[in-house]
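Next come two complexes, and both contain subunit A; in the first it sits with subunit B, in the second with subunit C.
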Partner chain A sequence: MHALYEWVAGPLTWVAFAVFVIGLVFRLVQVLVMVRKTEPFIFTYMSWKFSLRSIGRWLVPFATLRWRTSPVMTVATFAFHLCLLVTPVFVLSHIVLWDEAWGVQWWALPDAVADVMTVVVIAGCLFFAGRRIVRREVRFLTDASDYFLLALTAAPFVTGFLAYHQVTQGAGMTIAHMISGQVLLAAIPFTRLRHMLLGWLTRAYMGSEFGGVRRARDY
Partner chain B sequence: MEENQKPNHEKLDEGIDFGVSRLTPEKIEAAINAVFNRETGARFRAYVETCIHCGLCADACHFYLSRDKDPRFSPAGKVKQTVWPMLKAKGKVDAEMIRQAARIAHTECNLCKRCAIYCPFGIDIAYLMSMVRRVIHKLGATPLYLQDTAHSHAATMNQMWVKGDEWIDTLQWQEEEARAEFPSLRIPLEVEGADIMYSVIAPEPKFQAQLIYQMAAIMHTAGVRWTMPATMGWDNSDMAMFSGDNEIMGRIKRAHFDTAARLRVKRIVMGECGHAFRSVYDMGNRWLGWARPPIPIVHAIEFYYELLKSGRLRIARKYEKPVTLHDPCNVSRGAGLHEMARYVADQICEQVVEMHPNREYNYCCAAGGGVINCGPPFKNTRVLGNKIKAEQLFDAKSRGAQTMIAPCHNCHSGLHDIVHHYEVGLEIKFFGDIIYECMEKE
Partner chain C sequence: MKIKIGILLAVLLGSVLVVLAFGQYEMQVVENYYFPNPQRPPAVFEHDRHNETAELWDCMICHHVYDEQGVQSDWESSEDQACADCHGLEDQGGMPGLRKAFHQSCKGCHLTERKGPVTCAECHVKP
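This part shows the complex of A and B:
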């Protein structure tokens, strides 16, 4: 068990981060090369000002028409994404690992707060899954891959929660937590989770079109 | 709900059905892959791969809202029924699928882009639908009436088979009519070096010649140095843009710009049309490689705004009935002219009652994007598919509106059908109608 732990915490972590980082860089380069090759006019219209105007608006809850007209979804998705991104970076037990490996430290979330944020992520996944079942317009668009992505996203948080609270004996849950986190990271560039990267680009392009050419709001 | 799933044997449209009857699996595969793999690029891929299937676009669509929120009419729902299977099967889809895709992309989406401002990622579903139309065009299965219009463009460089002499005759006829009211009025033809070339869409000379009369009266009264071409290139409309026939779209736009260049005018002013405007600032210019129109183009709304703001045109007595203003997608969400439109409306009308939603957020008329040009077989699709518009208009009426201004030909005709079908009881006018009626003459 200890050897397995060492292997997962060591080499496998390297692999996961490498796939995540290199994968996203590859995706970014791929899309930029493709724009240059097939649709270079896109660069003509891109504008920092209007890209940031659009992204900025959409990053603020209730600052766009769509956020205002779907308040429950707005609260859910902002809480979910915020906790999803912040918790893994600022949870104390992760920082300890960074410290042990590289001797770097930063501010940590109080454990109780991190605990609540973990629950928010899990609840968010359940909310999105429920929405896929209950709402007709979402159900129509849903296939197995959507539930798979939700499960993939929830897994590290569920296992992390269980490991922290020591629901099971031994290192099994911690190893499951690490593996599920690594799988999630590595999956991002290769699944629709890559909206983490592409979403900014499509938003920026639409913001540029609306601001520069159409002189209208896209929010 | 089931009415939408028409059985295979039922006729959809002569053009679609005949085109589909000649398809082979090889042709379908070749056309889909030609468009999706070679004509599209990063944008298309990013849109499809970024969509997280959240359904937030649904509430943007008038078809969805009007069809009891049937998810098949939601924007992403339309992508699911067209683009997804084509991509997943790498083009190996059957003819029936193409038939349904033609129905969805051509008659159940107006390319109004309201969903683009509902999508958190800014995914341009109208663009995806226009790529489906491009596939349908390559397969020769475009709806009959729309294809006829594209043929007219190709053969005559105008939308309505107007012949060269008919065009000039119509202008001279309107000039003669107008000279009874304004004795020195001219509709100047082929004046090189004029400030403005005025261009219209072909339905104006074909059956709405009074609109040309009105604009001539406005130009004359404001003392504008203007001209109209006596050659082809006078029609600024572009239905090939909506049939997926990009090659013809480009030819039409080139003829229009070339004509203005030949006449060495400073600017082109175009009548109250939405899609024609879209074709010069958004689609046709880009196909020809111009980031912006090569010659400045001014929509009638902006032109009226200039004339009223500068005092070149004065209003004798404001239009008395309360009006409501419909913001056409291609001039408001598409080109940001909604505040100018409000300035004009305030200048010429006693009272403006806003409809809600308005400006960029306004609901589509369900006629634009080539849908009304698909003709009688799909009239019910767009009228019954826009109940929400009728509700929006009833609300404006309940707050006093008696007249609706719709500064776009497609909107105008589509809203006329809606007002008639739902018995809304609103009069529909162009800005030009009211300006002509209310301006100081001579």
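This part shows the complex of A and C:
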């Protein structure tokens, strides 16, 4: 168990972060090269002003037409993504481990707050899965990979929650949590989860085209 | 009425004696009251039994003393002091902050010995 723990908490974590970062950089370069090859004229009207205007708008709940037409989905999406991104960075357990590995630390969420945010993420995954089952127009567009990605995303939160609440004895659940987190990180560049980076580019492109070319708003 | 109060007092006195006799300083956990806003249950640590099973006869493995050069004394120990008497909450040069001092000391040995708990839940056991 000790050898396994050391392995997972050490080298495997580095591999996961390396794949995550290098993979995303690779994807970014790949997209830029592709646009340059097939539609280079897009670069002529990319604009910081319209890009940031669009991104800014879409970052505010209910600021866009699309957010207003589906309020339940809007609330769910914002709560889900906020907790998804903030919790792993500011959860105390992770900070303790960064501190011990690198001597760096930053402000931590109180455990009780992180715990609630973890539940929000898990509930979000269940909600999105349920929506794919219940709503016919969404089910039509759904295949197994959608459920797989939801499970992949939920896994570190479910196992982290179970480890924190000491539902099982011993080191097993914590090790399962670490592995599920590493699998998620490493999978991001190679699945649709890469929208965490490329989504911003799509928004910037839409904003620039609508703002600069069509002289309209994309929100 | 008087009898009832008498019985009550006797029971109270009895409990106090029992607690004193049996609770007599068997350290069960590492206290966490040095931390301003503790987030976890205190770590389980039955001092004497732990050190017996782990065969740690030398107190200064944990209760160490350093000179100004940062060299550990090989004859002096500091079991008359709490770790927090020297270790502040933040790192201070070569001296790790209190939380890290505990983790490095406890978890560090468990990892090198390949024995004893290493995950949060195994030490900070919920009561």
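By our rule, the second predicted complex is superposed on the first by the 219 of 219 C-alpha atoms of A that agree within 3 Å, B and C clash if a C-alpha of one lies under 4 Å from a C-alpha of the other, contacts with A are read in each partner's own complex, and residues count from 1 in each chain.
The rule we apply is simple: contacts are C-beta pairs under 8 Å (C-beta built on N, C-alpha and C of every residue); 3 or more make two chains touch, one makes a residue touch a chain.
These numbers come from a predicted model, not from an experiment.
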Room on subunit A for both subunit B and subunit C (clash or fit): fit
Partner chain(s) touched by A:D99 [first = subunit B, second = subunit C, both, neither]: second
Partner chain in contact with A:R203 - subunit B first, subunit C second, else both or neither: first
Per-residue contact with subunit A, leading partner among subunit C and subunit B: B
After the two structures are overlaid on chain A, angle v-u-w for subunit B, subunit A, subunit C in degrees (C-alpha centres, nearest 10): 170
Partner chain(s) touched by A:A163 [first = subunit B, second = subunit C, both, neither]: second
Partner chain in contact with A:R53 - subunit B first, subunit C second, else both or neither: neither
Minimum Cα separation, subunit C to subunit B, after superposition on A (Å): 36
Shared subunit A surface residues [contacts with subunit B and with subunit C]: none
In the complex, subunit A residues that touch subunit C: 2-3, 5-6, 92-93, 96, 99-100, 103, 110-111, 163-166, 170-171, 173-175
Sites on subunit C touched by subunit A in the complex: 37, 39-40, 91, 99-100, 103-104, 110-111, 114-115, 117-122, 125-126
Footprint of subunit B on subunit A - complex, ascending: 31-32, 34-35, 37-39, 41-42, 44-45, 54, 58, 64-66, 69-70, 73, 131-132, 135-143, 146, 192, 194-195, 198-199, 201-203, 205-207, 210, 213-219
Interface residues, subunit B side, partner subunit A - complex: 40-43, 45-47, 49-56, 58-59, 64, 69, 71-72, 74, 76-77, 80, 116-124, 281-282, 286, 291, 332-336, 338, 359-361
